[in-house]
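Structures follow.
Next come two complexes built around chain A: one with chain B, the other with chain C.
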Partner chain A sequence: MSEAVVKPLWRRLIGFNLLSGILLGIVGFYFGWWLGHQIHAPSLEYFADTNQNDVALLLGYLFAVIGFVAGLGFLNYPFSRMLGGPATQAEKEEGGVGRYFTLCTDHKVVGIQYLIGIGFFFFIAGMNAMLIRAELLRPSPQLFGAGNYLTLVGLHGTMMMGIMTSGILGPFANYFLPLMIGARRMAFPRIESLTFWLLMAAGAILMTTLFFGGFPTGWTGYAPLNDEANFGFDSYIFFFGLVGLSMTLLGINMIVTTITMRAPGLTWGRLPIFCWGAISTGILMVLAAPVLIAALLMVAFDRSVQTSFFLSSGGGSPYLFQNLFWFFGHPEVYVLALPGFGIILEILPVFARKPLWGYRTAVAGILGVALLSFFVWQHHLFVSGLNSSLRPFYMFSTEAISIPTGLVFLAGMGTLWRAKIRYTVPMLFCLAWFFNFFIGGASGVFLSDVPSDVATHGSFFVMAHFHYTIMGGLVFAFFAGIYYWVPKMFGVALNEKLGKIHFWTMFIAFNSTFAPLFALGLMGMARRVVTYPSHLQPLNDWVSVSAFVLGASMLIFLFNVVYSLVIKRIPAPANPWDSHSLEWQLPTPVPVENFERPPVINTDPYDYGVPPVALPPAPPAEAPAPG
Partner chain B sequence: MNEPNHIRRIAIAWFVLSAILTPIVVAVIAPTLPPGDATSAAANQLFDDTLLLGIVTPIAVAIIVYFAYAMIVFRRQGEPSEEGVATRDNRAVHIPWLAGTTVIVLFLATFGTVELADAGAGGGQGPEPAFKLSGDVLPVQVIAQQWEFTYRYPTYGGVETAHLELPVGKKVEFHVTSLDVIHSFWAPRLGVKADANPGVDNVAFVEPRQEMSFELRCSELCGLWHGYMFDTGQVVSESAFGEWIEEQKRVFAPATKALPKYSTHYFPEPERRAG
Partner chain C sequence: MPDVTSQAPESYAETPELHERIDRIGFGLVGGATVMFFFGFVFAYFYLRSLDSNGLWRPAGVEPPSGYGIAIAAALVLSALAFGYAARVSKQGRGGWVVPSGIALVLGLFACAAQAVEYAHIPFGPQSGGYASVFFGWTILYVVATLLALYRVEIAFAAGLRNRGREGSAVPEGFVPGAMYWGLLAAIGVLAWIILYLL
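Presenting the complex of A and B:
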């Protein structure tokens, strides 16, 4: 970092950065749009009467992404190599705020980019949820028409399920995985930056669906509805395709980094549990996301060049789409959940002041969940009429997931045994995670039981279930991570008192929002409907009001961020939690190169606590937890 | 050592609380839950829910009691630097835990399968149902399209009606299919849910046990007016059903002639950009 000449602002705006990316992206879009109108054939008969040229829109998005990526400078290195340039890792690292708007290969910058980028889209998707709940205050449509309501539902679900796949790995694994394993960077720094910018491009593309009539399919996008859906569905296709690409690359990076870049002495048995969560998630991403990309490519062909992979009238099958989608979709929900397992078990020992209990058990639990998640996807199709004799198998495999999940719980419970719990804000989010995830898991046992699922499939019961696992699991773990790691990332801690207000508001409002949905589902409320029987109104109103409070709790958090990070700025000590983990042994801010010399590891990061007192003449008082 | 016996305390709290709560949940709350027991399928589902609640309640009590106890008793009370007891593992705990969860899972899977064998518990089972209601059944075809259901009674001349009526005490064999996108036929009080796929005959069985009117609706997102795809059906006495179906045959006679022959499914042309 040279602090030599400060160039004028206009000069700094020229170059390979976000601004050029956006400009080239817009140019690319119109080029693709124009191209699509040149090459469309008369055989695309629907174009004539609807004026909806899917080829043009898909090409527009394609060239927009290429332009965006080129403008950010991702093509410079490959092109310079092609033209005989040197094979160098050296990047011009610009200091200051400018780094955050460019291709930056510092994993710490990428982590913060992710944190802010994902926070932005999380906020938008959350606002959609507020609008959905506002509409459901009354049993018949008040605010939005049927079509706009479906678009809102689709945007909320798609945005959350897409962007939040990287909700924990993006900010926290990119930032802290190299620090935890004693590495100077991720294995593929340029790809690391690419995953972030692709995700941002995806989010922007999904928003543009509003210019093209939205889409009526929800986040599942089932065929053949996706074939007759409006123009705006192409945004969905491109969004999820890019998210899939970003996930695959992110997964590869996690796996390779963890395998190849560990510091001397950091054996698998000493690897922090968060890294186990990251590598397992990486494996899920690499195996599942390409299936999604392939399926969406087929949908795009069905819509644009009239193939019929998923149209029964043309020899295809809608079941094929459902199978492919859920073959991706179920591992996807564990892509959301597993990093949460990692964060929770990573933070718990720090504030319990005890070693992580049953480390091997926890690792087995995480890997077991990852493995089993590929064998359960047809539990989403129990009433679809697809091969009914397979249902007992999928019932069994789904219920079997509770065995490894139980091991993760056991590790958490064992860690609390004879602990000295410090009730910090991250610890509160951790403990709430167990509560929420237990309710999510227990309701999952009902859904995995086929007769019970017949009553609740496609109802609000399912919605309550997965919000308990994803919001109650992922988002609570996400906030635990934020409160825990912000002092290292920004050198400033979040205000403890405001944090506690945020936690309690969020925890109570969350449960008050989602617990009644179990009842609503049992009483016959289907998902994604803009109308409902009027006798369900009181409960729906209760849920809506709670949801608004839940939304307001996020504002408390935002206020805390502004208050602590912008206004007060009280410097935090390098290791405020007295954590033994490697990332906290570094100074704040973390130097660009992280470690001057590779650290040598001779223990796992959980050596807290005092040795158990030996009782004469009995053996050491080991910690038994109730079974 | 004046360390109290934590395990005994937790075990006693768990035992007392679950001995009180489990009977309340199973015997008082569960019978009031939807979908009720107005049909064979609904009763089947409710039985499953009841049993699952009976298993989940003591487990939930155990988890909550443990966490509550740990959060109160194992909190830091003294100096800020207090540390916990450095225990790392205990086979005597995780082996029984693993065995316990495995036994529960095996039991649940077996139990669910046995329950499923009772005519598929009201769920759609596709063209070749693995579990059937045997004997004299009334076939009723449910045809879904954007955005309404119609019904055909093949044993009554293939008449197609706008509403659903069923005779009480008669075994019904639903054949659910679609003319366009995927819908799902859901009648909560009947305990029936079956996806309607174009070109697929999705069979579901149910035996209504009492006269009632019931809500039915589409429960798979099917496009713009999905929210409005609902209706009310009736379960009526055998004689009332006879009168009703005769009237339907008379009223819809011209329409029936114009309809395609009854078939388990109809292959539609895809309508691109319909909504």
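Presenting the complex of A and C:
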């Protein structure tokens, strides 16, 4: 990298970057929109009556995405290959901030891109939650009508379930998995970058639904409402389709990287548990997300070329969608949970100063959850009129998931047993995770059980359950990861005192928000409905106020970020937590190439308190540095 | 870093074997994802067929022209065989893989074109019931998947053209895994033919 000539700003804006991506994306959208209006067929004439041309909107989104990735420079390499050019592993890259706004093949840059991009959409989806709770302060509609309320709930749920699938793998696995296994790069660096930009395109597309009337289905997009919905639903289709594509590619990258790029001596039995979480999540992503994409394309066909996959009046069936969706959807919830398992078990030994108890048990637990998650999806359809002889199978397979999950808990508890725990902020989030996820898991047993599920289906009980597992699990693990790894990513630690204030506010407000929802659900409060019986108002107001405090706890976090990372900037030591794992042995900031020479792994990853193993003789000092 | 690691004296070497391994596992996983994707349509076929909602699964006259089905499936199989042969030759370090790659490319494109022509001559439309939905959905997306997979065939062919005369030493990386993936996709095409035309 020569830094002799600094180009003027206007010159740096021209090229393949986010700006060109956005511009070409807009051009692409209008091109597709125009093209869609040129297509005429007798079966499409009704578009003119409703003034909602789904073909035009779907094509608009399609060409917008193509323009966006072309503008970012993703098509350059495939074109050069199509002209017979050679295979390369990295783009020619300039240094500086510009890397964060374009196709960058440095996995550390992608990790930070993810952290900020996901944080942005997490913030927006969180704001939606605040609006939902504001609406529910009164039993009758006040701020939004029933329709807008549905869109609000749908936006919150869809964005959280879509964007946060990559909430942990995106930032932390992209950044740290290569460091943990002693690699210099991910197996597919361009695809790694593509997964990030596809996710950002998806988020932007989902928000445009507001211009097209929103969508009424919630995050599950059930048929036949998905066929009937006005054309705001097309953005849901594109959002989740792109998320599915991004997930599939992310999963492939994680698995291939872990299998092929481990440093010498890093056997499977020494692989950090976080990497196990990443690859088992990867397996779920690769096998489940394509089914979602297929189902969404069927909806797109129903809405555009007038097929009838999900219309029983046309020889289809809405339950086809429900089956395909949950065949993806249940593994999806473990896509959200498993990276959390990985982070928690990764961080626990560091602050317990003990080896991870039952490493193999924990790995078996993680893989067992991943495997079982493909055999349970019908538990979402217990009340759908499904053949009742199928119910026991899905009931038992679902309940069986508590066994491998229990193994993960066992490993965690065994690690904590008689440990000298350091109560740092990441550790507090880990401990809270066990508390929350236990409530989430235990309430899940009631939903896997047919008799109690029939009573609670579609109620706030279900809502409380999955918020305990996803927010209480994934989001707490996400924050544990942030507080733990930010010193390595940014060279500056987050303030401990503010972190503790953030933690306690968030933990208490979270429980105070979601625990009462179990009660509300049992009292009959339905999901996705803007009104509720007036005697439930006091409890709802309690929940809303708690939710606002929960939202405010995020502001404490944001303040901490600004205060620690921008204002104070106290440099963090290279290994502030005294961790034994490989990523902390590197200097901060991590060099562009990560490792000068491949590290050789001689020990288990969590040998805290264990006397050091005798090292093989050190390499000869005069070994030439790599060119 | 005392009790965690020592460092190997040799530097990082990105060997062709490593790249081949990455491509092999990568294509294996893409293959898995592709299978799951089309599994959605196989599931839709049997699910809607067994339900036969309103007797509209497959009204009389919803019958795709069998000649097109055979032509498409045959082109796919021949293309996969040609590309598989090309991969085999390239693995032996010989030069004769460029022409079979070109043949595979042409046959693959022919299959896509034949599918497009079939749409123009088919006696039913996408709105003709459950079977018609699956037929159009599956075949349209199969063409898209084929065009994406043909990218791999094309880059092998293009690399061969560019390095004419020294093909033996200019074998593109990931040739064999790419050929195996193309074979898998062709097999899915044959499965589509069996399910959509013969069952």
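Methods note: the second predicted complex is superposed on the first by the 606 of 627 C-alpha atoms of A that agree within 3 Å, B and C clash if a C-alpha of one lies under 4 Å from a C-alpha of the other, contacts with A are read in each partner's own complex, and residues count from 1 in each chain.
Throughout what follows, a contact is a pair of C-beta atoms (placed from the backbone, for glycine too) under 8 Å apart; a residue touches a chain by one contact, two chains touch by 3 or more.
Note that this is a predicted model, so its numbers are computed, not measured.
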Clash-or-fit label for the pair chain B, chain C on chain A: fit
Touched partner set for A:Leu143, first chain B, second chain C, both or neither: neither
Greater chain A contact set [chain C / chain B]: B
Which of chain B and chain C A:Tyr359 touches, first, second, both or neither: first
First, second, both or neither for A:Pro224, with chain B first and chain C second: first
Partner chain in contact with A:Asn387 - chain B first, chain C second, else both or neither: first
Partner chain in contact with A:Met207 - chain B first, chain C second, else both or neither: neither
Touching partner for A:Ile22 - first (chain B), second (chain C), both, neither: neither
Cα-centre angle that chain B and chain C span when viewed from chain A, reported as a multiple of 10 degrees: 100
A:Ser313 touches, of chain B and chain C: first, second, both or neither? both
Minimum C-alpha spacing, chains overlaid - chain B and chain C, in Å: 7
Residues on chain A lying within both footprints (that of chain B and that of chain C): 312-314, 319, 607, 612-613, 615, 623, 625-627
Parts of chain B lying in touch with chain A, wherever the complex brings them together: 1, 3, 6-7, 10-11, 14, 33-35, 41-42, 44-45, 47-49, 52, 56, 59-60, 62-63, 66-67, 70-71, 74-77, 82-90, 92-94, 96-98, 100-102, 104-105, 108-109, 112-113, 115-116, 120-131, 176, 180-182, 184, 186, 188, 191-195, 197-204, 215, 217-228, 230, 267-275
Sites on chain C touched by chain A in the complex: 1-12, 14, 18-19, 21-22, 25-26, 29-30, 32-34, 36-41, 43-44, 47-48, 51-59, 125-127, 129-134, 136-137, 140-141, 151, 154-155, 158-163, 172-174
Chain B-touching residues of chain A, taken from the complex the two chains share: 46, 49-50, 52, 141, 146-147, 149-150, 216-218, 220, 222-225, 227-230, 311-314, 318-319, 352-361, 381-389, 391-392, 395-396, 399-400, 402-403, 406-407, 409-410, 413-414, 416-423, 431, 434-435, 438, 442, 445-446, 448-455, 457-459, 522-524, 526-531, 533, 607-613, 615, 621-627
Chain A residues touching chain C - in the complex, by the definition given at the top: 43, 78, 81-87, 89, 182, 184, 187-188, 248, 251-252, 255-256, 259-261, 263-264, 286-291, 293-295, 297-298, 301-302, 305-309, 312-317, 319-320, 323-324, 580-582, 585, 595-603, 607, 612-613, 615-616, 618-620, 623, 625-627
